[in-house]
Amino acid sequence: MAALARASRYVFRWNKQVDPTFALSTRSMASKTPVGFVGLGNMGSPMATNLLKNGYPVIATDVFPGSCKEIQDLGAHVVDSPADVADKSDRIITMLPSSPDVIDVFTGPSGILKKVKKGTLLIDSSTIDPAVSKEMSVAAEKMGAVFMDAPVSGGVGAASLAKLTFMVGGPEEEFNAAQELLSCMGANVVYCGQVGTGQAVKLCNNMLLAIGMIGTAETMNLGIRLGLDPKLLAKILNMSSGRCWSSDTYNPVPGVMEGVPSANNYQGGFVTTLMAKDLGLAQNTATSTKTPIPLGSLAHQIYRVMGSRGYANKDFSSVFQFLREEEGQ
Amino acid sequence: MAALARASRYVFRWNKQVDPTFALSTRSMASKTPVGFVGLGNMGSPMATNLLKNGYPVIATDVFPGSCKEIQDLGAHVVDSPADVADKSDRIITMLPSSPDVIDVFTGPSGILKKVKKGTLLIDSSTIDPAVSKEMSVAAEKMGAVFMDAPVSGGVGAASLAKLTFMVGGPEEEFNAAQELLSCMGANVVYCGQVGTGQAVKLCNNMLLAIGMIGTAETMNLGIRLGLDPKLLAKILNMSSGRCWSSDTYNPVPGVMEGVPSANNYQGGFVTTLMAKDLGLAQNTATSTKTPIPLGSLAHQIYRVMGSRGYANKDFSSVFQFLREEEGQ
Amino acid sequence: MAALARASRYVFRWNKQVDPTFALSTRSMASKTPVGFVGLGNMGSPMATNLLKNGYPVIATDVFPGSCKEIQDLGAHVVDSPADVADKSDRIITMLPSSPDVIDVFTGPSGILKKVKKGTLLIDSSTIDPAVSKEMSVAAEKMGAVFMDAPVSGGVGAASLAKLTFMVGGPEEEFNAAQELLSCMGANVVYCGQVGTGQAVKLCNNMLLAIGMIGTAETMNLGIRLGLDPKLLAKILNMSSGRCWSSDTYNPVPGVMEGVPSANNYQGGFVTTLMAKDLGLAQNTATSTKTPIPLGSLAHQIYRVMGSRGYANKDFSSVFQFLREEEGQ
Amino acid sequence: MAALARASRYVFRWNKQVDPTFALSTRSMASKTPVGFVGLGNMGSPMATNLLKNGYPVIATDVFPGSCKEIQDLGAHVVDSPADVADKSDRIITMLPSSPDVIDVFTGPSGILKKVKKGTLLIDSSTIDPAVSKEMSVAAEKMGAVFMDAPVSGGVGAASLAKLTFMVGGPEEEFNAAQELLSCMGANVVYCGQVGTGQAVKLCNNMLLAIGMIGTAETMNLGIRLGLDPKLLAKILNMSSGRCWSSDTYNPVPGVMEGVPSANNYQGGFVTTLMAKDLGLAQNTATSTKTPIPLGSLAHQIYRVMGSRGYANKDFSSVFQFLREEEGQ
């Protein structure tokens, strides 16, 4: 596998097939030394828990004392600040809500970079602007540390079950070290290229996902209005060139599939607020790179409007309901 | 098979598995009686040729004498008008460019309905407004004939190779009779429901296809601008929720896949003019049914603009090129 | 004035300055002979009433007996069908909800053209597809009659007060005859060119109006979110290049102006359903002429969605409320 | 006038009616003390020149030596860095291309804030993100200086003729001091509210302008396709509810008006690249405030695509040409 990695420009390891020989040869992998963790929210908390379950001592912190207490009860060692986490560990995972939080946790007055040790591996799983990932990488490099971006796909359920997908950007020679930890929390760990590309891949995927979902919703709605049976329409689309993940795996029309949010009044899943956040980041990167994204941009606006009209906390497939005629009209 | 048709609401027969016993028992199926054909354009001509190849006598007509001459040389019997076709056959296939042509060929002064015989099966493979299909069906019924809409998916190449897909709307009890003929010209014949639903399914599919294609093009372009390798990006999208037919089967970025129009300077394939036509029909049906189609509508506009900017005769995946920065900028 | 009409290609008479000398010289203008009226709905009823007030005998019909009774009580002579109206008058005004109604009233089995007299002037004030206006014109011409399209701008209030604006298409030499009647029902009568151009102008105006209104709504909303005082923002926009009718005459933000629907919970005015109808017609004409209208098309979709989300009967400026964050979020 | 300013929440002085009595009573207004100027590009150079013409000594700097040389020849005193400008003047105007430039000129290692004196008035005429204006204001305040944002409307021509419009945000009590200088360079100086509101007003105006321009272009194009005379259509729109600045003052259709870019092959005016930049900033502020701007967002995308298709350096009204059918098609 190491040979493969050298042979092709991009290393692609979808499943957690870690070569143990190779894995043993790098920093702190031989024994389970402490892993730092900053950000114990809905996602971070189960992720840190999975590290504990895999036998890693965890040094954790969060701005909410309640979250700290919880992870402490599960065996983590809680400290006061990101700087203190950096003081006590040479591998740190961060999972934060937004770009400003990441900037603060790394470069703020009690930030990681205040006490980071040379050679420390910093893995940021937040979904943020790729440009911020690059800035953090530069700042970390000045301190002799390595920064990698590793945003996730999958929600709270996947985080609990260690079924997340990580999209990883950063120096290729550090990928194995990152993978050792990430594979405790996820089912797939994908190497995407230099720092920032993890974020880029995630934003690209979610933008295309949003477009496909709204497109599927309006297509299914139009078909129903034209007298088609929704199950039959979905079946034919899925055998034809209209096929997409939103039509064949996560259909937004109630009654077409089971086990998806549309079968459960759009509860659970990936809420429109979070989709709107990701589309906002995609829009920002498109604007700063002067890239036209007409459909991505309109998808962004549609999820913004939905957030204002009562759909903020419903799964993003509820766009089908949003576009549909209201009851009683 | 008839039992199956009655048991489920929708008969779904994707491959040409015609039950020969059953087929022999219905109208004019026992021996190969003449089949009428109106419309010998780029699509109609190879379709009629395939009927001849399958041993059916063909009674044909077209407004262009050249097209008539060609099919005559292949063994068809050419007559002067659609009315004359109706006079000499009890199964007629029409393949015409637009709704007004269909109206004229059926209800015009020399139209099919002027001389149609009771019990004649009329199969219209044109892509038109489903409302017009319904009107033709009503007009045919008054004359004791049966009208079915059966638009195709697949281009000139598929027509020549008898690899088209037919989406069929009309009385379910006539589906077998239609399928006998259509399966000589296509690989898949799908029953969609009452008259007009063949058109509805086709328009729905192509609208979602257009949305997925533009979405894929802008996503790939954004990823490339953000420093991603296009092949790697396509690979990850295709394993993730961004996956769609345009990303995994017909990728619009040169170099990502072989054997698709993007690998051949967007020659061949499905030209933007035809996609714009189908999106215009989808828009019309959405407007008349008061259905919101925000992305479908924008996709329509984008293909309209492309048609004005030199992309009229390129494959519809050339939207990637249209959105991209021009050389030398 | 006749000289002016010849001098410039287009006659433009915004105010009702009818030259009495000239007016007296044409068909049935010297004395007030009966005027036919078909379509006594919310708009047609006050329009016909204004003809009565101006001393014209009115021969009327409508599908609803109640509407007929009402106009009869005001002095009109009610007959059974459009054909009967044509039998008893040589000038007929029609005011109908949609293209199919117009087709039926003119060319149906009891339609105007069944009994129309040579030289009759047919003025259609319905808002319909310009292509249908042209068809009706051709059909009328075959019977020796003259058809003009004269859609209106202004609502029920303007109809009652005879303050409508008529946009008139048809033979220029008949404009004076049309103007004599229309100026009883409206304040402005504008000649737009050959038949169909009245409709074309109306659809163009309303499309740009819809774009300007949504644009104003989102701009005002953005400004408010950025901390601007809405009155000040409107004032500066109105002195700058952002100025439009929706910002300076019909501002959609409550509190900015008085006497507009936004000051009255978006009651009255021009309801979103009617705007969506006009945008649908604009979309149809754009599609059939292969004209790209990206913003017009999106405006159409936004009013479609609003119709599905409880805004159907609010003034079209309520798009400000639709885009805004809901109370309590 | 001072009383008026106190009486209403917003001071609104559209024309340069400076009360001389009041003007003489504030900081450094009595005599013409030196004014600093950073950024001598296409806009900054004529602006600084106008200060010189009005008798103000100018202390200037720019990264391009050529620009420095030019203003020096006109009588300005050139120094090495923004810090040196701050050292030698207590009123400084900055005119820079983008947010990062502003951040660097103010807070960089040779930035203004390194040597700024207490009480200095800092007026930034760059068009940037309002959030950056606020940040600069906070940083300036820490040094005892006052920061105001004063972006301009009007291009190079207006800058040369001192006909710019300034939209000013900042402490109201400093508005007169700012106005003294700005009125040497512009015809209108408008107070918009607290710091950042100058930018906000400019972005709002330009977003609505872009929407109105594209809307006008597609409406005029549609009308022409429907057979309308463009001059007549413009005339009627301008008397109706479709009226906007782009239709009545800056019509994008060649032949409708004189003295506008459309009459001169779209040379001069406000180029699409700059419009795309402003729309990008509007999009960023909308995203960060979670405000839906569907049409503004699509307008942004259209100008982005135009930038990629050869329209980068044409006036933004060239969208009419972009949407139109190409010659020879």
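Think of it as A, B, C and D in the order they're written, each chain with its own count starting at 1.
Rule of thumb we're sticking to: a contact is a pair of C-beta atoms (placed from the backbone, for glycine too) under 8 Å apart; a residue touches a chain by one contact, two chains touch by 3 or more.
Note that the structure is predicted; figures quoted are calculated from it, not measured.
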Using mean Cα positions as chain centres, tell me which chain lies farthest from chain A.
C
Higher number of C-beta pairs in contact (B-D or A-D) found for A-D
Chain A and chain D, separation of their C-alpha mean positions in angstrom
39
For chain B and chain D, let me know how many angstrom lie between their CA-based centres, rounded off.
53
Residues of chain A that touch two or more other chains sit at 291-294, 298, 302, 305, 308, 323
Note which residues of chain D are touching chain B in the complex, please.
298, 305, 308-310, 312, 322-326, 329
Residue ranges of chain D in contact with chain C within the complex:
9-10, 12, 14, 130, 153, 165, 167, 188, 190, 192-194, 196-197, 200-201, 203-209, 211-212, 214-216, 218-223, 225-229, 232-233, 235-237, 239-247, 249-250, 282, 285-286, 289, 291-296, 298-299, 302, 323, 325
Contact residues on chain B for chain C in the complex?
276, 280, 283-284, 287-288, 290-294, 297-298, 300-302, 304-305, 307-308
